[in-house]
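All remarks here apply to the structure that follows.
The first chain written gets the first letter, and so on, giving A, B, C and D; residue counts start at 1 in each chain.
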Amino acid sequence: MNSATLFGLCSAALVGLGLFGLIVRPEPLRKILAFNLLGSGVFLFFGVVARRGAAAGLGADPVPQALVITGIVVSFSATALAVALVLRLRKLTDEVTSGLGAASKAQEDGDHS
Amino acid sequence: MMTPMIASTLLASALAVPLAMMALALSRRGTGHTANLLPLAPLPALLAAMMVPEDTSVVLPQALLGLRITIDKPGAMLLGAASLLWSAGGIWARAQVRSQSQERPFTVWWLTTLAGSLGVFLAADMIGFYLFFTLVSLAAYGLIVHDDTPAAHRAAGLYVALALLGEAFLLMGFVLLAAGAPGSSLLISDAVAALPTSSWRDTTLLLIVLGFGLKMGLVPFHVWMPLTYSAAPIPAAAVLSGAAVKAGVIGLIRFLPFEAALPGWGEVLASVGFFSAFYGVGIGITQANPAAVLAYSSVSQMGFLAAVIGMGLAAGNRAAPLAAAFYAVHHVLVKGGLFLALGAASARLPRNAWLVMVPAAVLALGLAGLPLTGGQIAKLVAKGPLGDGLAGTLAQLSAVGTTLLVLHFLRRLSASAAQDSTEPPSSLLVGAWLTVAVASLVLPWMFLSTIGAASWNTVLSSEELWSASWPMLAGGLLAAVLWPWHTRLPRIPEGDVLAIGQRCLPSVFSLGATFERVDSYLRQWPIASMCVVLLVLLLTLTLAVP
Amino acid sequence: MTIPFAFDIGTAMLLIAVGGWMMVAQGTMVAVIIFVVYGLLMAIAWVRLSAVDVALTEAAIGSGITGMLLLSAAARLRQTEVTSTLPSFPIRLLSGVLCAAITSGLAVVVLLPADVAPTLAPMAMANLPETGLGNPVAGVLFAFRALDTLLEKVVLLLALLGVWSLAPDRLWGGVPALDSYAPPNDILVFFAQVLPPFGIVFAIYMTWTGASNPGGAFQGGTVLAVMWLLVMMAGVVRAPPISCLRLRWLLVAGPVLFLMVGLAGFALAAGFLAYPAGYAKPLIVVVEIGLALSIGATLGLLAAGPPERNHQP
Amino acid sequence: MSTTITTTASGYLLVLAIMWPVAGIMLSFVTSGRGVERLACVVLPVGFGIAVAVLIAVAQGGQSQIYVVGDWAPPLGIALRADGISAAMMLTTAIVMCATGLFAQGEFSQPSDLPEARSPVVFWVLLFAIWSGLNALVLGSDLFNLYVALELLTFAAVPLVCLKGQKETIEAALRYMLFALIGSVLYLLGAAMIYGAYGTLDIGLLSERVRPDPATLIAASLMTVGLLAKTALFPLHLWLPPAHAGAPAPGSALLSALVVKGSFFLIVRIWFDAMPGLLSFAAAQLLAALGAAAILVGGALALRQKRLKLLIAYSTIAQIGYLFFIFPLAAGLTAGIAWSGIAWTGGWLQLFSHALSKAAMFMAAGLIAEALGHDRIAELGGIGRRLPITMLAFGLSGLSLVGVPPSGGFVAKSLLLMATVMEGQWWWATVIIVGGLLAGGYIFMVLGRLLGSSATPLASLAPVSMRRELAALSLAICAVLLGFLPLRSSDFLQIGR
């Protein structure tokens, strides 16, 4: 057992946890959190692959590292888009349920007058 | 004598002209009375049937799928009769299209059905045949719904559903047929020649018989006929029952391997055919609507034809296709003529009713084989494949039944003629109708020598005349006996077994509801996302299975 | 057992525990705070895996700016939190079993490694001199797999457009609202005035040094984004309207530069995204600087959300 | 026999195919007002030209066109590869894109004297993005590069779903987004395992190295199921009906015709290119069984829909099902079994004809909804007489979906049918036939309404632009013309394998 294997098992556990959260958490924001957990588990798996590929004087294979960096950026973009969707959905729901649709619209319009 | 060039041009134009006219009617340019095209469209086909020498072929360019059209004896006879009926029907249709807005769509549907109906008689390869068969089957939808009544929509819906089912059977059958044939030839003759030795022979035959049987209205696939023919406008019913139905007949003629005797399959087909023949009579005499009576008569007649074909197949009788085609030609003209008679009767003043009733009676009794009419010859020719055994006896019994049925039809016809008193039809319409009627009497006499089944002398021999007469007398007697009861016969709804089917319909719909429940359950987030995980595991497991 | 290995065990256990807590914690806000902690732990794990570049990225993006985004979202949602119910127990149980099966499958893969772990490290090192770079990760990102990096920039732009597209029609071209992060207060303003100069210097250093040491455009850009968010939140600098053409140019400048350098490769080098011999390093550094600026702007605006009020000129 | 991968003569076209729409995206950000729309007038035809050029290059060369990006050969670098199926897919994409562009010109136009409006800018950028994403997806031959392309496609598709901005569409978009993210992560996890096992992500190199060990099988099934979630194969279709029915008509056309096909394409890449011969019989049957369930459930549910766009969306679920018959039926492709080649051609023709006809159908539905102000099927009566071109487009594309000859759908379904029979997998033949009947049912149900009598006075209909009707019709005609393609297309689709 070495560090790479250890973190590999850790990443397996994180993937399972993230999937579980994605399935059972009903709140959209919690799903997004679960997605981030799942994603970090997958990135960690890349990290394990990189560490095992240490060679040529490097502590880890640079290719998987680069992939993870790209992956993290993409995953942030996804989070930002999903969060924006959640917020927009909540706002529209509030307008409908509270029956204040007209009022809040007027307020928003008032912002720029 | 025609040069091959002219012959093939004429042959191609038989199909090209209706299609071109359809395109014209479809385009914005084709304003004005597009319905004027209807009587003209089948004329090239009529000319081709009369003049193009047998076995002339045309191969279309590759861009048009390289289709091949050929005219042979059965094809030519049917093509001639059908195009004559289409033309006469076109004259009636032209007068019947009610409003400007409906004229164009009706014309388009009519011409499309027409092209398909004539095309099946000429197509020599499977793709072309399937294409034209689809045209004639599906485009008929537009003719049936033309009156835009709820009954028309119901009938058309049922019709399309069954037609698509038939298409599916045929498609499957053709695929198997092509697969069983050696080489890459798609010619029907090549594929059928290889069928008896194909390893999928039985399945192929089953699919082909189901597909064409559905089009011919063999029991239990007959339910669409009564509904459709009573809902469609009369000219449409005339061409559909006369000409379009023969797509199924020509299908059986072309696609069954008569070279090889297949007793099992032949007898099955013949049994179904005879059953349909008697079933049509039995239900038909309970019908009040004359159009429905004619529809059940079609069920019966097509059943008889299937029996002829089946017996031919059982014996490996190579003359059977021609005999069946001959019988079909007679039916094209008679059934078309009877529907047009219905149209004439509905408009004729009661005072002049005999002007309609007498030709109609001759036509109708012709179906039962009235001596000296084309019907007698048709029955005589059909005897060949049927033989003298059980099948021959059944055939004569069916003539008794047919007599009974057509007498019932004539009674209903006169009853309906007495009720209506709209404007009488123009002499052009009456002329068109009478042309068809006369053709039904005369054409079989003319074709008799070409098919060489019997001579005029045989037909006119006293033995044959008696053999044709006694079923009619028996039928007449039966009708007289049943006369007092005819009002007490149960009134079976049009489409008989359909009524039972409709009671089962809710359960079919509840199946749809079950699917809906399953779908909405699976579309919940936790379930669907769990399915993702489950599928990963399942796929891994199945991948590990060698 | 060596001390570093014991440390690794601790980190791994902690990661699993914190991750599990994040899934079951009551209240979204609590879960988000746990997420930030989790991100920092993850950065430590990356250092332990000898991937310092990733560790920096994880700390800056994975924990830092994602954390900010989620915190503000949680704060907004808290005002009108609706209680949602968990699925029924059998479903939770079943999904738990299925996820455990996935975990064990992955564990099998981890525990059955190939005899010789395949690696591209020697090949990357052998080709690195051609790029003139000292950091092999940067070499992969900007030379060997530059196409991924370029397309990923497009993904960022698209995500931003997607966020913007959620604005109501009448607010298109307006200004994102940042008050949800925190109401402007003295402490925030103080930090917003003190931190940015250091932050910007740090960002420039990160981007510059990325060529030969851990760091680079992503990390530098993220620091810029965080600084920008900070000054906008504090009200020191007003958020720009998204219709502002200069802002739009800033967003695409880096990717456009990258694309143009790439296309120039057709004429001047061995092909698309190839660099002329000897000019590789300067070109890459220029591209990295452009990208850092654009990434900073894009990430900042992604975190700021769609426009929520009209622009007041 | 590992050979180094080198760029072919026309390889640069592949870079252009991806980067041309990307340049469009970037420029769209900095042109305001009507600029984006004008940009589209340039991007669309040139993009079409590039697709045609790639097709010609592949056809003439008779082999895959390859471009090694930055001259860094795999495994270190990334290569792009265009074989027969990618070239054909690119052309289909280009046709649908151009028709959609023509269709959308009216709907997403900038008002000339007002400040920049939201939906036109967003729509055109998303259109470019879907195009570049799809091109990258069909040309990519590196599993991680394909991941980025996949995300590009998803990030373009999600905002398209909620372009109208109503609550329902945002809900649909969120659901789509989250589900697609699960798919992406699983795919990425699979890619990580592949790299861990083989040290390369290049599909060509992988095909020489793969071995059926547990890690590979788990990785492959993770990637496949992740992609299935994005393809909305039953039972993972939860997001599709609301998303495809909620998007604006040209958006629905792109989503249903192209976007779901992108991830399917990748599944085929995995099993036929990266890991040939690894798909076991049982696994192929599992995939086809899901496809069969999709055909039956999707068709039955389409029959029960009350709204036209939902009906079409469920029809998409059913039609996607057919594609998965390719896995059991074309399994012998690498071994050169003739019937596998037939199934391969049939499967791809189904994909192309569905793309063309479904785009046409969504456009026709959009026009109908625009004219009537709603798309309730029960109240569509008689609209066909008022919009004959639209109805013709709907009818022709419907015929292709049902599989009525002559049409692309007919050829596709009959080839598949033939292959099921010849390979002795009868059970799928029944499904294909029942699916055709169900499709016939829902298409004729709608056509019957369109032709039927009208409940509302037709004079009150909103006007519909003829150009947009023709855009829909031209796609439907393309779908029909596909049925006339000589079987030579079969050879083309096998170029590069």
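The definition used in the following text is that a residue touches a chain if its C-beta (ideal position, glycine included) is under 8 Å from a C-beta of that chain, and two chains touch if they have at least 3 such contacts.
The structure presented is a predicted model; accordingly, all values stated were derived computationally and were not measured.
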| item | value |
| --- | --- |
| Centre-most chain, if every chain is reduced to its averaged C-alpha atoms | D |
| Chain centre separation (chain A, chain B; CA means) in Å | 65 |
| Mean-CA-position distance for chain D and chain A (Å) | 27 |
| Centre-of-Cα separation between chain D and chain C, whole angstrom | 31 |
| Where chain B and chain D are represented by their mean Cα positions, the distance between them in whole Å | 41 |
| Residue numbers of chain C (touch at least two other chains) | 87, 91, 95, 99, 102, 105-106, 113, 117-120, 124, 144-145, 148, 152, 155, 158-159, 162, 166, 168 |
| Shared interface positions of chain A, touching two or more other chains | 15, 18-19, 22-24, 26, 32, 45, 48-49, 52-53, 63, 67, 70, 74, 77-78, 81, 85-86, 88 |
| Chain D residues counted as touching two or more neighbouring chains | 76, 144, 148, 151, 155, 158-159, 162, 170, 182, 189, 193, 195-196, 199, 214, 218 |
| Chain-level touch network, classified as line, ring, star, complete or other | complete |
| Chain B partner contacts - residues on chain C that touch it in the complex | 87, 91, 94-95, 98-99, 101-102, 105 |
| Partner chain A, residues of chain B touching it in the complex | 525-526, 529-530, 533 |
| Chain C-facing residues of chain B, complex | 526-527, 529-530, 533-534, 536-537, 540 |
| Interface residues, chain D side, partner chain B - complex | 175, 179, 182-183, 186, 212, 214, 217-218, 220-222, 224-226, 228-229, 234-238, 241, 278-283, 285-287, 290, 296-297, 300-301, 303-304, 385, 402-406, 414, 417-418, 421-422, 429, 433, 436-437, 440-441, 444, 448, 451-453, 484, 486 |
| Residue ranges of chain A touching chain C (in the complex, touch as defined) | 2-21, 23-27, 29-30, 32-34, 36-37, 40-41, 43-45, 47-63, 65-70, 72-81, 83-88, 90, 94, 108-109, 111-112 |
